[in-house]
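For reference, the structures are reproduced in the following blocks.
In what comes next, subunit A is part of two complexes: it sits with subunit B in the first one and with subunit C in the second one.
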Partner chain A sequence: MDFLRPTSWEEALAAKAERPEALPIQGGTDVMVELNFGVHRPAALLDLGPVRELATWEPLPDGSVRVGAGVPYARLIAELGDRMPGLAQAARTVGSPQIRNRGTVGGNLGAASPAGDAHPPLLAAGAAYEVESAAQGVRSIPATEFYLGVKRNALRPDELIRAFRLPPVAGPQYFSKIGTRNAMVIAVCSFSIALFPSERRVGTGLGSAAPTPLRAYAAEEFLADAADWDGDLDEAVAGRFGELVGAAASPIDDVRGTAEYRRHALGVMARRTLAWAWNDHRKGALECA
Partner chain B sequence: MRVRFSVNDREQVADDVWEGESLLFVLRERLGLPGAKNACEQGECGSCTVYLDGVPVCACLVAAGQAQGREVRTVEGLASADGLAPVQQAFAECGAVQCGFCTPGLLVQADDLITRVPDPSDAEIREALAGNLCRCTGYEKILEAVRRAAELKAAGR
Partner chain C sequence: MTTVPVSAAKDVVAPGRGGVGDSVLRPDGTLKVTGEFAYASDLWIDGMLFGVTLRSPHARARIRSIDVGPALAVPGVEAVLTHEDVPGRKVYGLEHADQPVLAIGEVRHQGEPIALVAADHPETARHAAEQIRVGWEVLEPITDARAVIADPDSLRVQDRGGIARHQPVRVGDMVAARARAEVVVSGDFSVGIQDQAFLGPESGLAVPGEDGGIDLFVATQWLHNDLRQIAPCLGLPDEKVRMTLAGVGGAFGGREDLSMQIHAGMLALRTGRPVKIVYNRYESFFGHVHRHPALMRYEYGATRDGRILYADAEIVLDGGAYTSSTLAVVANAASLGLGPYEIPNIEIDAYGVYTNNPPCGAMRGFGAVQACFAYESMMDRLGEACGVGPVEIRRINAVGQGSKLATGQVIDSPAPLADMLTRLEAMPLPAPPDTADLRNLPGGVSQTTHGEGVARGVGYGVGIKNICFSEGFDDYSTARVRLEVVGGEATAVVHTAAAEVGQGLVTLQAQIARTELGVDRVVIQPADNGVGDAGSSSASRQSYMTGGAVKAACEAVRADVLALARERLGGTYEDLSLIGGKVVSASAGALAEIADVLGDRVVEQTREYHHRPTVAMDPVTGQGDTHVQLALCVHRAVVDVDVELGLVKVVELAAVQDVGKIMNRLSLEGQIHGGSAQGLGLALMEEIVVQDGLVRNPSFTDYLIPTILDMPPMRLDILESPDPAAPYGLRGAGEPPTLSSTPAIVAAVRDATGRALTRVPIRPEHICR
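Let's look at the complex of A and B:
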């Protein structure tokens, strides 16, 4: 095995172009587990730790935020909670403090596990992922087009994940996750919601609910149309939203839970997070008035 | 490959390191520092917690090569010439050690907590230690010890 240590983004891209089989490693919280257990023996590890550009974030002129793929969860929570509340809530549920000190959204995207905690809030908020190769340059992949299958993503062999971009927060965002305890838990299933009140639009993201993280489009469209955006949340509307979220899932039975349980739990989380979000939305609207 | 980094303020060099090896393996098997414990090898148990550039991490999930040129502090580096660190003193005083296997990881993680949060609430202690498993289930004594460690540190012991 080779250990490649590029010290700049350009060097990292050149190394990946030359050795497309090299496995990128950042925080190591996924990659090292596979190495320790002998699940994976990559021909080379490409250590992105020394690439400083990846560990920075910046607000963009249009109000969106561009976050380097190597910013650990602990920093997302501490520095970006107001700019991406849904993602920050999800980041708080990742592993333990030690894991959050090392683990990154870039790693979650590279691994593309359907259970990755970052995916649902990124989908709900309308994220795009910036990937780059030495030969083809930069391309932006909408979150909805990134996940192709269980642990498969749209990255080409010579590409690396540079950053993710999130639009400005337009309304309340929430994340919820089912697990057997409140820490160190891989999601049985998870759900994220984002409201965009001025556009009368809703975003959703489902985790551990299908071969890939996904949005529940029918649920989003139903809620956007059926909700009284200037009034209180109708219980029947919330209930139907939950049903549609559950229906969007195609979960499996596994050691963490049954498909039936997951579908049910997704509906419950959808209703609950919607209630929290709507509460904030109404409070915000009243405060403005 | 050769990996060179600082451990407990001393420059160390490890040779013939396999590229897929963990920092934990290098510390224990190549540098003779068995304080950090090897248990789950997947970041679940926290018994290998060490400081990497001042940030607590699971040493089993850091590739050895990623430690190149960086500063590691292990449980062996917590005490000073003046004696035990407040967390060590407190764990001993409170009987927070049963079999002792989880203790090194807890000490490093608790040391970080009381350094960042001088007077932590119980909720903050529980959150900070959520990734450190004790299978003797001695958590009450451990919580007591962390509260005591914060007092000792505040008193400038």
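Let's look at the complex of A and C:
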């Protein structure tokens, strides 16, 4: 197995162009586990650790934030909690402190596992992913178009993930995840919500609920229409929202949980996170008034 | 003399100055915390090869052919071995030699070893093992333990047949008791497969000796019993197999059976080079036996006020394909199957059966854990049916000193169960959850609730465990103690073959030597078979047995030193003892330094320590004085349950345990915390999930063990009611808390949810369905 170690982004792109079969590795919290278990035996590893550009983030003029694919979860929590609360909450649930020091959103996107904790909040908040190749340059892929199948994403063989972009926080965001222990657990299923009150819109993201992370469009549309955006949350509306989120899932029975439980739990998490978000939204509206 | 590998165990100077009763620190504690301790996986010697095991992907299949040619052709490969290459006996085992060293024509469980490869690099060996071509005829696995009991002759997994042991217990007149019962409760309960989940995978190093023998450095629980199985298979006399304990990263019963020992020995003998084998985490799940899963049916009849009149129980334990320790596990389940309660009429049938499910054997609690979940669930059912609270129903039926167990054995030392329950109940209850911190809530920072749907529950559990080996086993221990002057200071050197597996025996040995010999400086030598058998580090027995042996050897050394002192002092002192480095007369005070009395003399004594004899259970009635000592622990669990999502946060575990004598409180509390955590794991998350004989979760990603956020703070009340038969009056302490924490937690979850919860581990879907 070859171990490629570019020291700059340009070198990394060149290496990936030359060796498209090389498997990129950043924190190694997923790739190394699979190597150790013999799941993969790639011909080459492309170590992005030395590529410093990937470990930086910057606010953009329009208020959005561009975060390098190599910024570890621990830094997302410490430095970006106010700019992306949903993602920061998800980051807090990733593995152990050691894993959060190493693991990155770039790794989550590269692996494209439906259980990746970063996907639901990125979907809910309307993220876009910046990918790049030496031959064709940069392109931006909306999160909704990135996940193609179980552990398959829209990356071309010569492309690398450069960064993700999130729009400015428009309202409350929450992330919630089911695990059968109280820390260090892969999601049985997970849910994220983001309110955009000025647009009277809601974003959702579901994890471990289908072959890919996904949004519950019908639930989003229902809530946008049915909710009284200037009033309290109607319990029946919240209940229906939960049902529609559950219905959006196409979960499976596996060793971590049953399909029936996943659908049920997604509904409960959707209802609860909506209530928390709505509470924050109303509090914010009242404080402004 | 062979070269000693890097990282082999060395003499350890025990830290501190404390004797028996002091909270002395572990000699290996700092090294383990800082990552410097040498575990068996750290063993290294120049020129060594790496061994890899090819294992069966099938639960049951015939092997039509094995072609090792492609593996041998891989550059760097030094040997590829199959069962044909086993130098001696081709089978081994703890109770019956029925387990092939390498599969012979057939595999009976997933992961069964088929062939071995030694190569100059572990990756090369792994790659070569994948090149071995096996011609399979896959068979339908036998996986239903109850079906095996119904038809043991046709559902035969191996030559010994379908049932490994059926142990009945028959006491009293069941017909009359049934007629008198005013209240009858019953239940079906089951326990999934728990794994020991030790962190240090199976590992060891075999070094061929110039005499044709072999030096084995291995992480095990019982060096001498390993030796008794290894030597015949390697075709070597015992004295040519030299065993040294390597750093053990946890055991919990999972290292009682052999893993890589014979395999590494075979490869080393064949290649003439040292061979190291280290399992990875995936392989480790197939490299050792697990806790027996259990299917249990119980029925109790009682008076209206809650006094139990009869118990009828069937306990089915699935041992997998080979015997391992199933026979003894069945004996525990049968003899302790109703717990520490006085029940006058009894009918128990305990079975251990062979299937193609994963192999099962020893794990902390050993047969008593499974039954404890059932009998404690029954006590709660009975209490509910009689309108008596959970503590009271247990107190009403509790044993005490003088009570009879199901086997008819009279408990002849203190067993203050009713008092323990009263103390437990009196402990203050924890405050309601502070919902401002997500870590206090079910789900933790995964943020599944801010308090919605959360209900609190309280539950109790009681357990009884036998200490030391039972049923006629003479599991003695040997200790050699030397007293000599080193650098001007009297120094005790303690040598045993007892395995330090993390439990703290290495600390305790030094404490005993200090107390008995009045010296500060104690050196503990590595455990090896250069000294006599110490028995197994299991059954909560090492403080009792090896502690007893060290004490006896120290007493013999002390007698010699005092004789020397009398010689030197010329007097006829009858009241001498060794205290604070001095020979002290009770009447005349300090008379001499021990170092001066010794001079350049070396005083050495070796002693064997035997516990009192026991007998086997009667094959028909189950009666007999089968156990050496019995130990009690009681737990109260307080839980918060998210009833809508089925997630559980254990808020507090409180425990009362009678240990006879607190030898080292720090170490003891660690054992109680650890045992309780392992019981929590069984209650809420730990299970090897099996489908059609195949393991679905052989990784720590999906086999979950409790984290620090799952294990709550504990409130402990430790009693010291001495057992006059035991050294210092002590009572084995490592296993009892593993029993009672599980039913206490399940009872608390039932209290919070109203669900029946008849299976452990509880899954979220069992709660919120």
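Heads up, the rule we're going with is that the second predicted complex is superposed on the first by the 289 of 289 C-alpha atoms of A that agree within 3 Å, B and C clash if a C-alpha of one lies under 4 Å from a C-alpha of the other, contacts with A are read in each partner's own complex, and residues count from 1 in each chain.
Definition applied: a contact is a pair of C-beta atoms (placed from the backbone, for glycine too) under 8 Å apart; a residue touches a chain by one contact, two chains touch by 3 or more.
From a predicted model like this one, the values you see are computed outputs, not experimental measurements.
Shared-chain residue A:Glu260: touches subunit C; no touch with subunit B. In the superposed pair of complexes, A:Asp225 makes contact with neither subunit B nor subunit C. By the document's definition of touching, both partners, subunit B and subunit C, reach A:Met184. In the overlay built on the shared chain, the residue A:Glu145 is in contact with neither subunit B nor subunit C.
By the touch criterion defined above, A:Gly95 lies against subunit B but remains apart from subunit C after alignment on the C-alpha atoms of chain A. In the superposition on chain A, contact is made by A:Phe37 with both subunit B and subunit C.
On subunit A, the patch touched by subunit B and the patch touched by subunit C overlap at residues 33, 36-37, 182-184.
Residues 1, 18-20, 22, 41-44, 46, 49, 55-58, 60-63, 65-66, 68, 109, 127-128, 130-132 of subunit B are the ones touching subunit A in the complex. Across the complex, subunit A meets subunit B through its residues 1-3, 5, 25, 27-29, 31-33, 35-37, 41, 44-45, 47, 49, 95-99, 101-102, 182-184. Listed in rising order, the residues of subunit C touching subunit A in the complex are 126, 280-282, 439, 442-450, 452-453, 644-647, 649, 684-685, 689, 696-697, 699, 701-702, 704, 706-710, 763-765, 768. Interface residues of subunit A, counted against subunit C in their complex, comprise 33, 36-38, 89, 92-93, 174-186, 188, 255-258, 260-261, 264-265, 268-269, 272, 275-276.
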